[in-house]
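Residue numbering begins at 1 within each chain, and the chains themselves are lettered A, B, C, D and E in the order written.
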């Protein structure tokens, strides 16, 4: 693999006494789209939380552009050029759509042209422009997701952590979103993506990572992962089932 | 829960109950009075714990129901009714009023609900104070008799304490049954996610009203014991402060835990007494103690225990996950 | 045994709505105890007072009195709120312990309790004097009555209304107010609308100050009359100019033209840094009542205490710190000099001394 | 034969915005109807109008021929209509098993018998079957709030099946669910459909899932019905491709 | 009729006081979702701090400054660090209860270390009345009203028009998400409490000359402000003004035309009706949400 922008080393951590990540290792090559797949409950989202400093790690390191960023504040991580768009609904329902987007620029540097970026974001998502002055909670599920993506990308990050963006988006919008990620890559931005929509995601990706029970099982070029016969079996989550029974 | 820990719990329960029966036998009047007060307040707090802790309906009116119960008992027993029939009367009244008070909860929640019930508390106080023809107003009702239970007089402090303790026991049993029944689960559903609950066929209206009505009845029962305990009822103790105190008992003890109110009432009723040695500073100490307790465990005293138990459970689940992992590793 | 301290228990409103009352009372007690102990105590025995807080709540008062009685005190002092007195008096009576309290409600001493004593005039004796003054001096035909809606205020209002009725004075407005009330605009505008010949005001000190200010603002000119709580030093301090012209009957006041009281006031201010209200005097006197009674018996005997105090007259000649001659009747009510005062240019001026009856 | 669900001219507007603009359709017993359409076209709002979460501004909803417009969700549920929501909606502090028991208990006995009867309303076995089916055994006693997104989504769907419903409305049940589990979900859905002749309406953006599951698909756009028909017809409909599917 | 006008003007004066206390109340809700049961005590305390400083022989104006500073330190920074930080994540109730305890603590401390007596407090607004609609209204009351309105205008602008304000609201609505997008949540909360602390200090300065400095004066104020905040609309700072003034007027009209014994009931009934039929308050907006 080429020069990594992000290097995740031996992460151990979880929720309370529950250990979810048990020595997770992988790295994200610079200027690539890397997709993480794995069964439900594998710990994919947990890895993202760990990278973004939202999970107390018991062990391990997160290295971004050669610098140890483990446990930095979110503001610092944003400043360093990482952004995180989590799974589920994460908007400020009582604020207007526009204000929600603008808040994406909170961590911006002083010389950052926020207004222009907001306009650009509204260009990318015409629905949001149409509803810019509405209370964000009145948006439909998919529109809220678009809002989150627009807000998350406002700062022009170097590394995007994006957790299942396709949930709730119409096929057309999924396509658009994936196209957007591709464009980002073409501009040199690195993307770390989690998707259950594995096939489409891997198709646009350079690398694929399969995560199970908190550990990376396969790390390879995306097309090879797609073709890997083990994938089908892994998605069954077989091991878990046996132990629990 | 393992069999072992269940046995341990049963043993603990027996010891506590025996303690509550035996130790006070050589208490002085004051000690018995305070303990009786604890039992009475525990009953009222248990009612609020149902409404608030389990069903998630914020109420600042529980004190008013204690008042309704106390006035009901005071008025009726001074007119020659036996306490038990006064109790019956109060239960019916509190159920009905509690049910009605629940209606606003169908429209508004959280702090808005808190304020509607706050308003009710204030109104109840004004009625107690202003409707002299019924309540004797600010002068209050004195010479409230203590009852005879199965021919045993409870005029003396010790028998009356046993009456309070016995009532607490009965109420606890009933509450335990209620909470572990499907009703209990429905109440919690109301608290956790009313919208989802509705779509699962849970008649949130009826359960909300029930939560208010039953909780209020417990407030009323506490009041029925309060009147013969102090043998004098006036409006002052039933102002908003009592409702706030009861709320505090629930939260400090651990809201949504069966035995939270027992501990909460202990903090609210017994702790200030223990702190009296500090004289002018005792209420300051008390306030500080409550604050420190909440800082240490915002989910209340039983929250500490709960954290411990759930971390043990999580540990077990974590071990299971680790086992699965090594199996997976081995399979490769 | 004879050298052991005499234990006295005080239960009072040290916190809550009555804290001002209770703390004055407590301070008065402590001052008296300090004086007595400094001079060797009562019959050679020191006094030891325990203070307990009733939180201004009758239920708590009952618990605290119970606790105090469990400790078998020589005498029980307090509480100051009539309601709290009412719940606790039966307990003390049952235990056979004398209770010297601060309540003013008329009914307290009318229930035949043989162990309960006042430190101030009950409303049944103060209100008729006020009514008489309104009738004889002000020649008012109609009055507005403003009272605080607790047992103190309501009690006073009930007695005075009866007196006014008896004298043929019309109650033109009957206004209840709340403890802690800040805005009296509506009440005063009602007074104004009723256009009475006089206004009777029976509320706590701070509220007195506020209503006086509002009365001044709205330009009500009818004479204002009240009781101790209308014309006290505190009210004058808080109300400023607005207090001028207010009159009232006062049983105990630190402004009384009595040397002993002035001296008391100085001692109190020296110790506590503020001028006490009548509750401070009441607490102080309670302790000297204990002293005088005990010395009269010649022994410390809690059983005989109440009997001795009934019918007892304590004279300043024998006990200077009783401040004014006083007699206790069979109900525990007091007979003592009283004063009719008026606030003139920010000073309480005694207009008339109402002599002790017998 | 009357339709299980009959929706006539339902409209819903919020202030000036018309989210659902006169939608009519019906669903026959045993049918699985797919509901697709671009984001914000009014699908969820339509569900909410049918199920009483929102009161429609106009129009009628009938279940088994009975007019139910504006009825409370809980009453509808006890008529045998259940649903899931687009956003996660579980009871976070209750255990997974309690979530499921709760989902079925109101369909057992009367209010009184539920108070006096057994604490699980006799549903533990059914609940555990459901848990087994969605491979959540190891989490059965965990609070539902600690489940991963996909797991909660599955639990949510499982809850909709607990009361033995006749008509189930699912709002994006597949979102975030792993493809393998999605197969299981589909299987379960079809089994319930076959065994109990339960009827389904499924909002979903996952075309594979919709097209392989549904007998008919309805497409909405801008609050209106754009097309309704067999999956193949819909897939080939140029208007649908334009508005929704893309290429 | 003239009587009615009298009552309304007088009600405005009292209402202004309620409004001023209520502003901080709604601010705390809107920017940290906390309910401060000690808000009344927060208004009571700074006056005593100023009095204490004055006892040391410090001139009034300096004492005022020191009082505001101390208040920011104690009621702003201290409050946030000690109570809010550990409890904020656990929902509204534990913190609300802790503030109830805090209210007891503050009252008792003032009583114990200062006095149980009421004392007068110098007014920074000159005494005297001016004529409004032909009625006398005191300059003090007008001062209170002016400050309340200024505070509301300032805060509304801050919250709705500035990025800082949006960040504050975001931090309150969903701290986790706010953090993710880089809002310094801690700092926003601190700012909230500092603003509130300064506001209560100002309120104390203006209100105490009217209410007198007394350990218990926060009780009435706190409750009135509470009700005013709800009636006006809890989630809108400007609702506090409307709610406060309305409660002040209604209270007076109730006393005059309903019954003095039940005067406290009338605002309560108003409150209940308000909540049932317009829960978002007079000027609040509905908290909408899609399911």
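The definition used in the following text is that contacts are C-beta pairs under 8 Å (C-beta built on N, C-alpha and C of every residue); 3 or more make two chains touch, one makes a residue touch a chain.
According to UniProt, the chain labels map to these proteins: A, D = Branched-chain amino acid ABC transporter ATP-binding protein; B, E = Putative branched-chain amino acid ABC transporter permease protein.
These figures come from a predicted structure and were not determined experimentally.
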Least step count from subunit B to subunit C, where 1 means the two chains touch: 1
Chain pair with the higher count of C-beta pairs in contact (B-E, C-E): B-E
Relative to subunit B, chain with the most remote C-alpha centre: A
From subunit E, the most remote chain by mean C-alpha position: D
Centre distance in Å when subunit A and subunit D are each reduced to the mean of their C-alpha atoms: 28
Chain centre separation (subunit A, subunit B; CA means) in Å: 47
For subunit A paired with subunit C, centre-to-centre distance based on mean C-alpha positions, whole Å: 75
Subunit B-subunit D separation of Cα centroids, rounded to whole Å: 40
For subunit D, residues contacting two or more additional chains: 44, 53, 85, 87, 89, 138-139
Multi-chain contact residues (two or more partners), subunit E: 108, 261, 264, 290-291
Interface hub residues of subunit B, defined as touching at least two other chains: 129, 195, 280, 283, 317, 320-321
Subunit B contact footprint on subunit E (complex, rising order): 29, 35, 37, 82-83, 86-87, 89-90, 92-95, 97-98, 100-102, 104-105, 108-109, 112, 223, 226-227, 230, 234, 261-262, 264-265, 268-269, 271-272, 275-276, 279, 291
Touching residues on subunit B, where the partner in the complex is subunit D: 178, 180-183, 185-186, 188-189, 192-193, 195-206, 313, 317, 320-321
Partner subunit C, residues of subunit B touching it in the complex: 28-30, 33-34, 37, 129, 137-140, 142, 226, 230-232, 234, 236-237, 273, 276, 279-280, 282-283
Residues of subunit D defined as touching subunit B within the complex: 51, 53, 72-75, 77-78, 82-83, 85, 89-94, 98, 101-103, 105-108, 111, 114-117, 119-121, 138-139, 141-142, 159, 162-163
Contacting residues of subunit B [partner subunit A, same complex]: 310-312, 314-315, 317-318, 320-325, 327-329, 331-332
